[in-house]
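Chain nomenclature is as follows: A, B, C and D, assigned in order of appearance, with residue numbering initiated at 1 for each chain independently.
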């Protein structure tokens, strides 16, 4: 049986899969193969990828070297599954992550494998912060997204997803993110609320944040704001957790998204592109003084996804020099220039360019417009999604290895989609 | 760079990995390869596997056919990562799971991909039960283990792991499992507590249970007890969730662990061996009438681990006939016979044989003895762990494809370990 | 304006008072005066009181000496309201309570005024237990009743009242009370659940209990059971809270209901009859080593109800000798003898006599019967209510000062009511 | 025994009363009698009352008419305690409250007796709001004070008191009160946080507020702000609860504190001065459409404090004309004028005059100063306390019936205290 020859169509998903499915609704075709920044569906139609698995495919699809490593590892009968037993692949990753990432940045962290998903690393971060401080509440920010399990969901902003919990989500306090609202200095506010003994805001165990909020609408905190959050946390003995699941692994131009802000989080959550290949993997970085776990106090079956370790170690080669980082930043300029042109040339978009590195978006004040653009782009061969509380942002996360040609092609499709949607509107109105 | 040639030893883990690591402490060696029911470490020492990735490797390590499928898929540039977009691999799994597993058993369920781990499927099950019923509390049982994220942890029994939450775990009510305590009919008790308007026990959204508790000490509920739980749930309009993460996929002799009990759970959680290969994957089966999710109401980055889908579809071939199931049951008899002999011949063990299918254990009333046995066995080339609240059970979960020779070799090591440990005791006392 | 001359009828309550009103529905008449164990309504009809304000009028209505003290105090311009400032009346109560109650019993407790109601003393007890132990959960028992505010409600059993919270009630664990269920040794069960590290039951801060459950259906714990609870608490470093709000102040024959059990609770909650006169008052007794409150950490406007202190001090005169206690026990015998006769002579009652001292009841297995009896008794001039999760118990709490004549008259009415209700049933069936 | 002749001194409180006692520490003398706005201690020293039982004695101590009514009622053998049975006294209060207060203001509310304290009425208000809306969270404001039981404490701001709970306080969301912080429009902020689907702030059941925060530091919300809160609540289908426990009963110049704001709360909490005499009593006013309680769904032993009903009805006579209201406002002017003089003449106070009606304060930016002033005033014969998160406000709540002479005398003492404290400082510095 060759899988790709099976007779399947979208009805398989409608008939057998739960109503919870979502992306197979937005991108209603069956994908068959992918390479770099491109995908092909069963009908052979090709797509440019400005989505990158929501940030899980920063190095593109099916990198040659990673494929090679996977096949070698499989053929060598290397362990695929190992819980948290010691394996060659695990050791190699630990060693290389330390050498290529932590040491050169003078960062001293213990590496935890909390289970292979973003929500797992967030849950582990919340746990350790509560254990270390003996406090329960955690400060989270408007439009934060940290995951779907109850601990992570309680620090997530989206009302629809929160409601899915079916229980009140407690132990968290939502505060305004940088630039959330005109006229409010969000950190003066946060500071006053925490320090005021009468505010009703309990002293928190931790502050958790994304430096650039992806799901929340491509909201980038300023470096100054991040620095001030760090100072506040240090002064009040609160742990600072940076959830770098989506913004990390180079997405904003540096390996960690907070490097340019010059901050030193107490706990760092990574997942998505950490495996390099899109295979499930997550790590939690913890400052040694806070690594007070008991053995097995947090565990899980899939902490040892060795295929992911193999490609993760391979992916770290990108970070041995500054070249990769520089290329991201120069592509970012290219991208932003064009997005700004769109906003200028098509004022009907009521658009605003947002983001940092290759985590970019156009927010539109016109309800529903961004969704229409994404739909039009898909028809034209571009995978791109929306984010934000009202899906008001057309969110662009191309693979970081995309070349200039890919960028231009993708952006051309976006421009065509803009024209089509705005034109269509004229017609329909 | 070939990974296996790197200079690594256990110090890598001690230096770089978090204190939370556990199995690399119990089995302090670096594993290099594995096949079927065997592993080899870097020094070339071989081990028999009575652990099977805590139930994630029911089909053994590196099954030839699965390896072949993986390599083909990688070489065809199939998508590795796809969120919940439609891919060939996902479609093939859905179709085959329906054909091979659900249809022949006349089971009608929608399949949800809740994220690739056991705790994710449990969290999704709790959410949907709360959404369907509009209630919050969930009945769980003594010595239950359902996962490490806050939702799943709140229905988990282990005090050490619960304490790791750092917050009070609420919305759950712990009730005695089958045979938990002499003189208590646990279901009469549960029934009275739920039905009595003065009991202080709120009407729950759901009852969640494992038919055989693995982490809790290999406690097998009787089929009659399971049937009575189902009746109670139906009568009181409570959803019945079976967490078949560890006991499912053939572990107890049938694909689902509850088949012989003749019950029809409202929600079924599966993970661990569902991918066949030990790659991260989980599914949640939901009766169509309860599949009231909104699109994306529960989501996650790694719902589309296509390599796992490829091996999962391959693994289902084992279930096209009854042969696999029958072989498990006959191996179980072999196993149990020998375990009973141990208990009889070595009364100093103060042992009791527990379990069903190839999910077996010897509980020892002697504090610390089971841990000593596991350690002695490891030295002699057998991977086996303990479970239960006081690690009082030597827990045996061999790959289901193990042959008679493997079983006998492994059990010989256990017998030698018993002799050694009991002998050592004589000497030391 | 003399109040008793106003033109009022029950429509005032129907028109102006909230739907939450209850006793004005069960006893639909306007009461005008009361003395001892008797009440009179506006129409001049007299009633015998087997209800005693649900235990708040142990010394009867309008005791002459207490009335005298009240009038003297008012006429002397004594402070009526004083928060927790020092007043003569407060000092006198503190001193006398110590001399008459605590010292002779060799009990060493600090006296806290937590606010003037039962639920306030329970909330204060839960708070101090959590503060002392640093733990959150509290063990409560089936059919417990501790109050209506969220903290007290969370340890209350009644589902209807719990549901009124509108939020999930957490931080409590309901366990079976003494004799809750045939075949379950409730304390073996509790002990195992608490001591078993895998049970899912967290180590609690406290156990809270009533020695005789009033609202829960007149369930009297045996002295042996109480002693065993105390031993369990001491062994596991759990605080024992006795809620003596209803069973205390002589109701079961001794000042504290637990005296005969020979236990020494860590915290004792008193209210209802502590003021002697039915005026709002409550105290929380705390062992000195646990009295670690900060000043004002728990406060409230009505901690200084001086009129209540005045009558409370007067009421303590009853406890200077053993005579009052002995009289309660002898009246109890009288009562129980007759109740047992009823049960024997009227097997259609399917009755069971319950209780201790003058906290007595007949539980009937016939649904609705007890309510019919209470209604029939009211028509015949007896105030008596029902309790239990299904209102299945006819609950008798006469003022402790009732005389033999009053007892016999009241019981005669009950017997007549039994005849009437059973007779009516014969006719209707 | 005449109570006032007993040999008692402050050692009684130190020896027998819990460490939680507070006002007997601030005002260390034993009070013997009180009349109007004056108190006398055992040594015969007289004090002017600028405290009024924290707002429970708006009509002064021992009003002649109320004393007369109490004595008559006691002498008539009227029921003192009646749970929520119908009594003359209860009927009379219901009728009169409706006639004198509700009808003339065209207010349509059902009256609930939730138990006789402020925290009881707040708990009942939160319950009904959650029941009506089916939601759990409640918006509360910085520096709010609503009570000490767990439900009320969860909407209270003070960190010290919150910490006393010993459990995380959840189901509430603290928002900035009017003028909490420069540069933040607290209602724009609240509105955006509630309406934004990504904010992490769940749609609340209710907003609870005090129009003037007493314990929080005499913070008076503007009428415009109150009106805007009401509009927000109505638009979003959120119940508006006004806690008028301290600010109600004329304290700010009108019977309800919100009358001038022109708002119509859905639920109103009253206690403290509602009984007129300082006897424990509370009522919850609920709009008829929200009065969906089941009978007895919230109950309590002391819902029928008839002595309180008697004086409460008497107290309502003050509200038959506008004279009382007008007198409060004119006394307020007198008061504020002098307070403003203090602030102007003694710049070392770094003072700010706050408040409305006869709920006034001087906030001082100098740490500890207000406490020193209160202490100096006590020595000089004035009872006055501090409030605010750092006890930074000298809080003045004289009985509303105080005359000009009393006001001037009290304010003279404050001025002397200011001089003494500021002078002393000069010496010590």
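We take it that a contact is a pair of C-beta atoms (placed from the backbone, for glycine too) under 8 Å apart; a residue touches a chain by one contact, two chains touch by 3 or more.
Source: prediction; values computed, not measured.
Among the remaining chains, those touching chain A as well as chain B are C, D.
Of all chains, the one whose CA centroid is most distant from that of chain D is B. Rounded to whole angstrom, the centroid-to-centroid distance between chain B and chain D, based on C-alpha atoms, equals 58 Å. If you average the CA atoms of chain C and of chain D, the two centres end up 30 Å from each other. Chain centres here are Cα means. That of chain B falls 50 Å from that of chain C.
Counting partner chains per residue, chain D has residues 136, 160, 167-168, 171 touching two or more of them. Only residues 136-137, 140-144, 155-160, 162, 168-174, 176, 180-181, 183-185, 188-189, 192-193, 196-203, 216-217, 388-390 of chain A touch chain D when the two sit together in their complex. Those residues of chain B that touch chain A in the shared complex are 2-4, 6, 8, 10, 12-13, 16-25, 27-35, 39, 42, 53-57, 61-62, 67, 70-92, 94-95, 97-98, 110-113, 115-120, 123-124, 126-127, 129-131, 134, 136, 147-152, 154, 160-161, 163-168, 171, 205, 245, 271-272, 277-280, 284, 286, 291-302, 305, 307, 310, 313.
For chain B in complex with chain D, the residues that touch the partner chain are 167-168.
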